[in-house]
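Both complexes below contain chain A, partnered by chain B and then by chain C.
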Partner chain A sequence: MYISLQGISKQYASVWAIDRVNMAIAKQEFVSLLGPSGSGKTTLLRVIAGLEKPTEGRVLIDGQDVTELPPHKRGVAMVFQEFLLFPHRTVRENLAFPLRMMKMPKAEMDERIDWALGILSLQGLDGRYPNQLSGGQQQRVALGRGLVGRPKVLLLDEPLANLDRELRQEMEVEIRRYQMKLGIPFIYVTHNQEEALSMSDRIAVVNKGHVEDFAERTTLYDKPKTAFIAQFVGRSNKFEGKVTAADGGSCTIDAGGLSLTASGNGGLKPGDAAFAFVKNEKVALAPEGFVGEDNSLPCTVRDVILRGAYAEYLLETSDGLGLVASRPRSGEGPSIGHAVVAHWASGDVDLYPVKPDLGLRR
Partner chain B sequence: MAKGNIARKLQKPALIGTMLICYLFLYLPILHIGLGSVSKNYSFPYPPQLTWATFEKLAENTLYQTALGNSLLIGVLTALLSTLLACLATMGLLRHAGRHTVKFLILFIAPLFVAEVLLGLSSLIFNGLFLQLGGNLFSAILANTVHCFSYALLIIATQLYRYDWRLDDAAMVFGATPLRTFFEVTLPLIWPGLFGAFIVCFIMAFNNLEISFYLLGATPTLPSVAWGALRYGIKPELYALASGVNVVVFLVLGVMFVLMRTGAVRFGHKPERERSAI
Partner chain C sequence: MIGGLRISRDPRAWIFLGVPSVFLVLLFVLPLVSMIVLSFWRTENYHIIQDWNVDNYYVIATAGAYVTFLIRSLVMAVIVSALCVAIAWPVAYGVIVYGGRYKLLLSLGFAIPFLTGEVLRVIALQGLLGPLGLFNGVLMALGAAPLRFIMYTNFASAIGLVYLYLPIVVTVIYLSLLNFDMRLIDAARIFGAGPFRGFIEVTWPLNLFGTLIGFALCFVPCLSATLVPRFLGGPSGTLYGMALAQQFGESGTWALGAAMGVVLFLLSIAGVLLVFRFVDLRRSGFTGFGRS
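Showing the complex of A and B:
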């Protein structure tokens, strides 16, 4: 593997910001680190960049152990969460910085900079100072500064956080394109699951300093390995209850009076506390009186939220249990106040044992 | 209503008057010496009778010239040394001291509270006993640096406190060695602080009497010569020297003002001004 993180931990005073992280990343790969705020994503990037020395573990880049190497000898580049453009340098000078450090000849340097200005639509702004640019423009300069030097790895720390939605989606496509063109691994930090899902080959879900799962994006979405991933990736209905019956093929859970059937038992035994997740888009709606699939639940439509191509139906059972169903908007859906039956296949129920939350390693 | 009007009308003249009084308070003594230096009767130049006599005397007086040279040397070298040391100390303090910052800071600025006379005396004894340095210029520069260092540290710390060290991280990730990072990124952004510290240290060391007095022995400096002149009668050379130094200071200020106005020199980075320039 091109990059390999072996048992990386980082301790700050009393907390472990990252805890025994193992990852192996191939040369052509686009990897996202997805996790909530404070989960240790930035710290992990800083360890890879050499700005932070891991308390434990080793970092290997291109077969070389770089754990002891200072950042300027690692040949990596980073797009910082706060941009960190040099305020006393113009856009062009900012872009030239990595190239000057490489002692690149002037002509080649100009060519590279013009290429970066071009792909990032920054032409005409090259004489400006960072504080004369909008947030989005600064972000693009930061991205350009990461790309011009053709580094061994590009580390990106939420580079699109400050852009509006339209520009963000445009940039997602562009970033993915540069990654494929340059053929170097990108490690992309985000707390936005859509961003991670749209660009990455593989996604590592980071939670409280450890990697919950590092898997292909489809696997991660369709077969979440832990309750945390099921909750964090995609939008799901969450149920908490007790297992009433379990055999090899299926499992029944009693969640506050509601009986759920799931295929597979997730290693659970009767009497165990369990979480069950059903993705919003797996919940289908049928007219009142419908019986059939493994799980069906009579509900009333409380509200309908329009999301463009699909609509979210906020449902409520007679017991006051809330439920969300996302359906494509084809034809007339049920409207507010209508009685419907929400139903889903037992195969669409993801089951996890309820584990005590251990929090950060101390 | 009428009362309010009068108050408002008086406001502006009152402001201007206060300003004038302040300026007179500040500059009358200097003007008096200046006038004296170019007058026949330098001790009471009213009405003035212009002559360059005092300056001619100064040009002949080697004691005053040596004193000026020595003071300049002490000023410049002390300022350089204290600024350099204070810059290194501040960087260490802000980057690496972590939660011990305040403790270290207090130890660094404690010399401020040692009386100058005491500092001069103890430096004389220490330098003589342990460094085998008799009373000479070098010894005086060291002792002045001890004193100026703390001021320089305070001035530089206020500037560096606002500095975002992550800019250094960015430079290093993009291939700059720590030294290169300092000269390419840190220094261009913090030099106004260093410059301010240099100027303050220079002025303090240039004018210092108490510390230098103990360490210089017979080597003259401007303050010591001026002090001596008090006892042996104020000579016309002193007038010329005082106004000469003042003229140089005002010239330097004037040049800096022009340079800043034309934009040839910028004091640090002024985001607001640049933003409004587009």
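Showing the complex of A and C:
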């Protein structure tokens, strides 16, 4: 593998910010580190960059052990959340910085800078200072400064967090395009699942300094490996209850009087406490009186949230249990106050034991 | 960009800008003007005689002593300011990087010397450096020869001036570094700069403006220093400021003193302008122009 993290741990005082992380990343891959704030994803990125030294473990880039090397000898580049452009340098000088540090000849340097200005549509702005640029333009310069030196890997630390939604979606497409064009791995840190899902080949979900799963984005979304991933990625209905019956093929859970059927048993035995997740878009709606499938639940529509192409129906059972169903908007959906039946297949229920032992050191 | 001299029409602007303006005119411009006028008169037997002439300036330029004092003061001020900057940088940097939660406390520590009077501090130094002072006293008690170069010399004056103005310079550079985004150093390191190169490319230029303010705040009072050379400088340590003070004191040649003051004022302005001439504020990351 092109980049390999072997048993990386980082301890601050008595806290393990990262705990025994192993990852292998291929050369053409776009990888996201997805996790809530404080999960250790940025620390992990800084370890790869060389800005932090791991307490344990090795970092290998392109076959070379770089664990002991300072950042400037690793051939990495980084795009920071706050851009961190040099305020005393013009756009051109900011882009020239990595090249000057490489002692590149002037002619080649100009060529490279013009190339970067070109692919990032920054022509005509090269004489400006960073504080004369808009947020989006600063972001492009930061990206250009990352790409201009043709690094072995580009590290991106929440680079879109300071941009507005529209610009962010535009940049997502562009960043992915640059990555494919350059054929180097991008490691992208974000707390935003949509960003991670839209750009990545694979996503590592980081929680409490620990990689919960590192998998293809579709696998991660469709078959979440842990309860944390099921909750953090996508939007789901969460149920907590006790397993009442389990055999090889299916499993029944009693969640506060509500009986749920799931296919597969997730390694659970009767009597175990369990979490069950059903993605909002897997919950279908049928008219009152409908019976069928594995799970069906009479509800009342409490509110409808319009999301454009689809709508979210906030439902409530007679017991006061809340539920959300996301449905594409085709024709007339049920309106507020209507009685409906929410139903979903047992195969769409993801089951997890309540207290998984992650074996964390803390 | 400087948006012309458009000042807000809000009446409050007149209070906020007007009060300091009146203050400056009364306490700074008026005395300065009166000093300039006095410098073109003359004094005789402790009386001011109002006949316009340029004799005072002629004396300053031709009587060798004043030129010597002036050059000595300039050299002294440059050396002392440079020393202060050289010492203040690592101190301020250390407090910012390693100060942690004691940063504020440590930075307030810079102000402690100001709690005593300047005279007291200089006399205390005299006690340390003089022939019977702590250093030489200990040396002689041990049977060694005293260090002559710290007794009533220009060297002793330099020590005194560095001691007096170091807290100001440290504070100014500290404030400059406090506003400096240390993560820019991370950016420089990522993009290929080692620690030294990162300092030269990023940290130094972005704090140059603050450093120059620190330099100027040391340089200007050093030029006019009177107390330090009087107590520590010894017979060949007379500085310009001390000679100037004498005109208003013992010798009673106020008009000459005023002329010396005018020369000093012009020199200070020239010095500061010269320094800032070489600084492009944009190149120091100065964003005080706003974005309009």
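We take it that the second predicted complex is superposed on the first by the 355 of 362 C-alpha atoms of A that agree within 3 Å, B and C clash if a C-alpha of one lies under 4 Å from a C-alpha of the other, contacts with A are read in each partner's own complex, and residues count from 1 in each chain.
As a convention for this text, contacts are C-beta pairs under 8 Å (C-beta built on N, C-alpha and C of every residue); 3 or more make two chains touch, one makes a residue touch a chain.
The structure presented is a predicted model; accordingly, all values stated were derived computationally and were not measured.
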item	value
Superposition on chain A - do chain B and chain C clash or fit	clash
Touching partner for A:Arg92 - first (chain B), second (chain C), both, neither	neither
Partner chain(s) touched by A:Lys279 [first = chain B, second = chain C, both, neither]	neither
Listed stretches 4-12, 22-30 or 112-120 of chain C, narrowed to the one that overlaps chain B	22-30
On chain A, positions contacted by chain B and by chain C	49-51, 70-72, 76-78, 80, 82, 84-88, 97-98, 101-102, 129, 131-132, 145, 149
Touching residues (chain side chain C, partner chain A) in the complex	181, 183-184, 186-194, 197, 201-202, 205-206, 282-285, 287, 291
Residues of chain A that touch chain B when the two form their complex	46, 49-51, 70-72, 75-78, 80, 82, 84-88, 97-98, 101-102, 128-129, 131-132, 145, 149
Footprint of chain A on chain B - complex, ascending	164, 166-167, 169-178, 180, 184-185, 188-189, 269, 271, 274-275, 278
Interface residues, chain A side, partner chain C - complex	49-51, 70-72, 76-78, 80, 82, 84-88, 97-98, 101-102, 129, 131-132, 145, 149
